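Letters are used for the chains, namely A, B, C and D, taken in the order the chains are written, and counting of residues starts over at 1 for each.
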Amino acid sequence: MIGHGFMGAAHSVGWRQAPRVFDLPDDVEMAVVVGRDADAVARDAAHWGWAESATDWRDVVARDDIDIVDIVTPGGSHAEIAIAALEAGKHVLCEKPLANSVEDAEAMTDAAARASARGVRALVGFTYRRLPAVTLLRDLIAEGRVGRVQQVRAAYRQDWLVDPAMPLAWRLQKEHAGSGALGDIGAHLIDMTRFVTGQSIDAVSGTLDTIIARRPLQGSGSGLSGVAAEGFGEVTVDDVAIFTGRLAEGALASFEATRFATGRKNALTIEVSGDAGALAFDLERLNELQYFDRSAPEGVQGFTTILVTEPSHPYVSAWWPAGHTLGYEHGFVHQAKDLVEAVVAGTDPHPSFADGLAVQRVLDAVERSAERDSAWTSVGEPARH
Amino acid sequence: MIGHGFMGAAHSVGWRQAPRVFDLPDDVEMAVVVGRDADAVARDAAHWGWAESATDWRDVVARDDIDIVDIVTPGGSHAEIAIAALEAGKHVLCEKPLANSVEDAEAMTDAAARASARGVRALVGFTYRRLPAVTLLRDLIAEGRVGRVQQVRAAYRQDWLVDPAMPLAWRLQKEHAGSGALGDIGAHLIDMTRFVTGQSIDAVSGTLDTIIARRPLQGSGSGLSGVAAEGFGEVTVDDVAIFTGRLAEGALASFEATRFATGRKNALTIEVSGDAGALAFDLERLNELQYFDRSAPEGVQGFTTILVTEPSHPYVSAWWPAGHTLGYEHGFVHQAKDLVEAVVAGTDPHPSFADGLAVQRVLDAVERSAERDSAWTSVGEPARH
Amino acid sequence: MIGHGFMGAAHSVGWRQAPRVFDLPDDVEMAVVVGRDADAVARDAAHWGWAESATDWRDVVARDDIDIVDIVTPGGSHAEIAIAALEAGKHVLCEKPLANSVEDAEAMTDAAARASARGVRALVGFTYRRLPAVTLLRDLIAEGRVGRVQQVRAAYRQDWLVDPAMPLAWRLQKEHAGSGALGDIGAHLIDMTRFVTGQSIDAVSGTLDTIIARRPLQGSGSGLSGVAAEGFGEVTVDDVAIFTGRLAEGALASFEATRFATGRKNALTIEVSGDAGALAFDLERLNELQYFDRSAPEGVQGFTTILVTEPSHPYVSAWWPAGHTLGYEHGFVHQAKDLVEAVVAGTDPHPSFADGLAVQRVLDAVERSAERDSAWTSVGEPARH
Amino acid sequence: MIGHGFMGAAHSVGWRQAPRVFDLPDDVEMAVVVGRDADAVARDAAHWGWAESATDWRDVVARDDIDIVDIVTPGGSHAEIAIAALEAGKHVLCEKPLANSVEDAEAMTDAAARASARGVRALVGFTYRRLPAVTLLRDLIAEGRVGRVQQVRAAYRQDWLVDPAMPLAWRLQKEHAGSGALGDIGAHLIDMTRFVTGQSIDAVSGTLDTIIARRPLQGSGSGLSGVAAEGFGEVTVDDVAIFTGRLAEGALASFEATRFATGRKNALTIEVSGDAGALAFDLERLNELQYFDRSAPEGVQGFTTILVTEPSHPYVSAWWPAGHTLGYEHGFVHQAKDLVEAVVAGTDPHPSFADGLAVQRVLDAVERSAERDSAWTSVGEPARH
């Protein structure tokens, strides 16, 4: 595993739990974690249950005893590491976003395609796909339960920037984060919409905004985000992204990604409406799925709250009895399971790097639209380089 | 209309709106309101749209131009007025509870039976029956959608007595109110359970409690409830009633009526569980009904929130388009409509005085059980006289 | 009252109930209803409790015994009737939208300004303002409880067009309805946003879409909407409107109005987020208001569900005790009350025709933006004529 | 760990995750799992990450290299194993219920008291205490936020017995399970009420019922529950337990435990009402806590939904950022953490065996009350032997 921040902790749970919960077709050994600060990474490696730590990812990627490289560094470094790992014949799990630019994402996707031809697998970590309720949402659409998709309404709302005293973290600086609310949480909306509808987003019209443009500098350096100076600095990414997309089969989808939705902590919500029904999900109640069935008898129609904890629901049978809920981290366990299974089975897991690139292209198109006064912008147009 | 408190206002809305919303088979004229205080009743009569006011209910009951007598006085006076009115050939709508004692309720039921034989109708005002969601609940059970009823869980929770400064109102004095939480709001639970299940409650085990036993006396007299003196007085009714009942077909039903459920304002909740499904209702969200259908496909089962505002739902087609909600008072409009229709059609409306007596007998059995250390007590045993 | 469709029924409840519930400073007499079809209007007038009916609105507007003219016809006819009524010295209540064009709305606003100078009042019927929870939402913002408004998220979602068999009603024809989802329900979002934030919407970027463009013609004529022919016709208004607005003080507001949100019946939702808190409302649960208070102690923060039925809440003390809910129609009662009080007090009630014009200008700007590939469009620019 | 059913899996997650998430004061090694079937226990041990397996718990309890014995066998065997382990100087974690009889529980509590004097710790596994929302509920009551507790309303509702085809599992046979819904899930209600209020339950009145008394025998034997024969057998435990308790400081608490609440999967709900506020919890939404604060300003009171995922909430800071939810199994991680910390610190963790005995005494009193026609029964009376 390259990197060891918050995502490192989550991925570690995934690798640790997957073989203990599911019957995996091969063993999983948590070999080595890589980080710049030798002491810090050694501490995290020991704490999270990895056998070793290291400071040079190139050395690790070159090791013969490593089969899978899991990348949880900030987006700007993904391309270099992932391409090197794939070329070294390692299966790669790369945390989202795939990259900070379309160009990088294209190069990674090309590398993944070449690797796949050699039996090497690549997966980008849009982990929410693997929450049981989200997989169920996708399955129910695939079964035709919403019929023709006519509308999508999606939002990802957090509030951690409402406080003006919140310092200028690396996620608020374009050179480190690539993008703001759009790239960080809007990316989830795009991936989830593509995943559950099975449709591409072909054009967008969008607006970006930075509500608080200056923030206090962080007093002490730590990792990538450390800023030694005091005073104030410029927020160079968006706080809020509002955009509308056109799906391949014609439906409109509205999107809102914001870190200024006071009181909303992690409110990824999506509702897909079709001529046969509708499905709605809220990440803050991630064990539930709302389903409206237009074919239900007159008089008893309504949104059904499915508690997605039944043995028949995706991934659930390996866990607990009905009614015993899962949490955020379980998506990472399912991701680890699915990757191991794909590696052993010799199949490409989803979401592929091509999926990650598709998300990146939509993000890029939103940025281009925002620069063009929100004019509708084709996702397929050549990206800015 | 005899009486003119809070219930007088609600009944007045019923009479005023019913002919303007529904196509009634006969005209409704709001003739006269009766109260002890001539000025007060004249004011209310004018305000609520009644043609006249009066102070002697006997005079009014004797008038030839009166067809329906609507009784909204405290429970202790119901029997005398209702029996006189029925004997005078007036159709009677009597607010719940039917009476403060089983003895009174029996006399009223006898009078209603005699009256019915002469084409005179009697209705006791368990108005919640006529909220669309409650009628729908009953209809869905009658259609078999919950199957065999195996459990009922019902509660009526309010919090207006939590404040110890709340004065000793007439509802807290046994001589005026007859009973406390049990008789006032527990009565609704009993009637609703009988109504929706279609089953009698045959035995009970119950506990009554008075959480705050002494309260400040009210400083100034007003109507029946006025207490001139200052100082403190004894609460002589129950604040909380918790009881379990056995339904005719064997299911257990749990009941809780309380005025000490902090934060709950008017939370009448009932859930009926059967071998085919379940239905749940909450009066604070009275336009909604929760329905669990065990025959729904595996994987999409759950409680469906039916927004009971569709034209196909009971009473709704006369009101607004789907999604436009009704409120508390609409039950009174439906009650007025149903009574007028029954009178014209020559049929006995529900809930009958016999239904009101049945409720009274259950209340009485709960009191007897509470006095017997909560031992199970048959409702059918001769009542205390 | 000029017109007698669904809105006629709702306004009639308002006029009938207001004087019976509130202590109005003057009497209200329901004088006359005007409609094209003499029989139909006579029937409705009698049913709803109006003294007379008539077929020529000009005659009625000229009558000396008429003080208030209430206009509930389709939007295209509002300007002519309202201006005539104001010029005849009648106070005017005009159902929303104020008009089908900015031009008409401007003429009406001018007429209202001239009338106001003569003591004649005008009110446009954005009735939702007068639901207790919405007025409370506005009041809490005015008190500073959300602080600086940083985001608004609003949607009005219905599903009555999901069924492709739904015929081509007048609301789907531009010549009658003026606009589709945008003008009909999007107008409510615009008014409510302006009302609760106290800010204008200064610019917009929007997209309109017609999901089902051809619908069966209605077989039989009735009122304005009758279409005798058979076959299919073109839907000439939008089904879905998605737009983003910029508020006067800088915040972004996202809006979505749709008749294709499967399972959503009347889901007007609005959430206002600020640096001190947030407030959220859902019309399908119109007795509730969600409030997030950033000043609450750490550890117990969250959205509070306020059941807006306390005596201290707007309009509520005239109705029922705490916990006894109101419904859709109560907004019309409050509107009638407020208009009568304003007329007697000699003050201009809100929302004024100028408010109605402001809404119209935003709607127009959305249409212009949609025609310009969703480019941001100033509301203040001269409107299309 | 002695035993390896469903609870074995859950406890294993606890032991595996605790040292990787929290900074524990000592190392945790997952040594050995004990089961009757050598192959089955070897399989589970390997799968769950234990170093070894064994078939004789006495051997394991005697091993010098074992510090903690975790007992997850059915309740009837708890006493023998736990007492032996404590006497061998092992710290003991014993899954709930502590025992199947008061007598056993008393012996265990005596053994734990003796062990404590020697520095050996004992903990009974009422794991729900350690869900962040439940610990927060307790903390908020301890801080005085509900004031004087005046009412408790608790229920644990499941529906896995609604299907009459559900076979006669060991949980439905008194000789194996000790009790039915009462002992299995009612025990949680009792422990949670004691825990959050800090009060004992001193007397009870209760009713037990078996809704479906005959069930098909299981065709094939497996573990303790195997029944080889075919045909039908008698359900010898209760399906439903409804009881009322009197808390030490006088409040009434109502309880309902049922496996026949159609559509409810794991609905442990508890609401504690006091003169300063109320708190409510629902296990199916275990990341949320409802809080009503009577000291909030008039007009904005209501139940606040606290999303218990903030760093300041109990146990949360070791996990994920705000808004990222936990699930059922996290209680087991917290339990493992707290036990290790207590062992190292030399303090007795809660819930103690004395707490487990107290629960057992309440269960016993409910059974005695049920046998005495639901008469109120003192918990403190000498138990049936």
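Criterion: contacts are C-beta pairs under 8 Å (C-beta built on N, C-alpha and C of every residue); 3 or more make two chains touch, one makes a residue touch a chain.
Treat the numbers as computed from the prediction; the structure is a model and nothing was measured.
**Student:** Could you compare the number of C-beta pairs in contact for A-B with that for A-D and name the larger?
**Tutor:** A-D
**Student:** Would you identify the chain whose Cα-based centre sits farthest away from the centre of subunit A?
**Tutor:** Max centre-to-centre separation from subunit A belongs to B.
**Student:** So what's the Cα centroid distance for subunit A and subunit D, whole Å?
**Tutor:** Centres of subunit A and subunit D (C-alpha means) sit 36 Å apart.
**Student:** Between subunit A and subunit B, what's the gap in Å when you average each chain's C-alpha atoms?
**Tutor:** Using C-alpha averages as centres, the distance is 54 Å.
**Student:** Multi-chain contacts only, two chains or more: what residues does subunit A have there?
**Tutor:** If we look for residues of subunit A contacting two or more partner chains, we find 264, 301-303, 307.
**Student:** Along subunit B, where are the residues that touch subunit C in the complex?
**Tutor:** Residues in contact with subunit C: 6, 9-10, 12-13, 16-17, 20, 23, 47-49, 158, 160, 264-267, 283-287, 307, 309, 319-330.
**Student:** Which residues, counting only subunit D, touch subunit B once they are in their complex?
**Tutor:** Its residues touching subunit B are 146, 150-151, 153, 155, 157, 159, 162, 164, 205, 207, 209, 211, 240, 242, 244, 251-252, 254, 256, 258, 260-264, 271, 273-275, 277-278, 292, 294, 301-303, 373-376.
**Student:** Sort out for me which residues of subunit C touch subunit D in the complex.
**Tutor:** On the subunit C side, the touching residues are 136, 140, 145, 291, 293, 296, 298-307, 310, 312-313.
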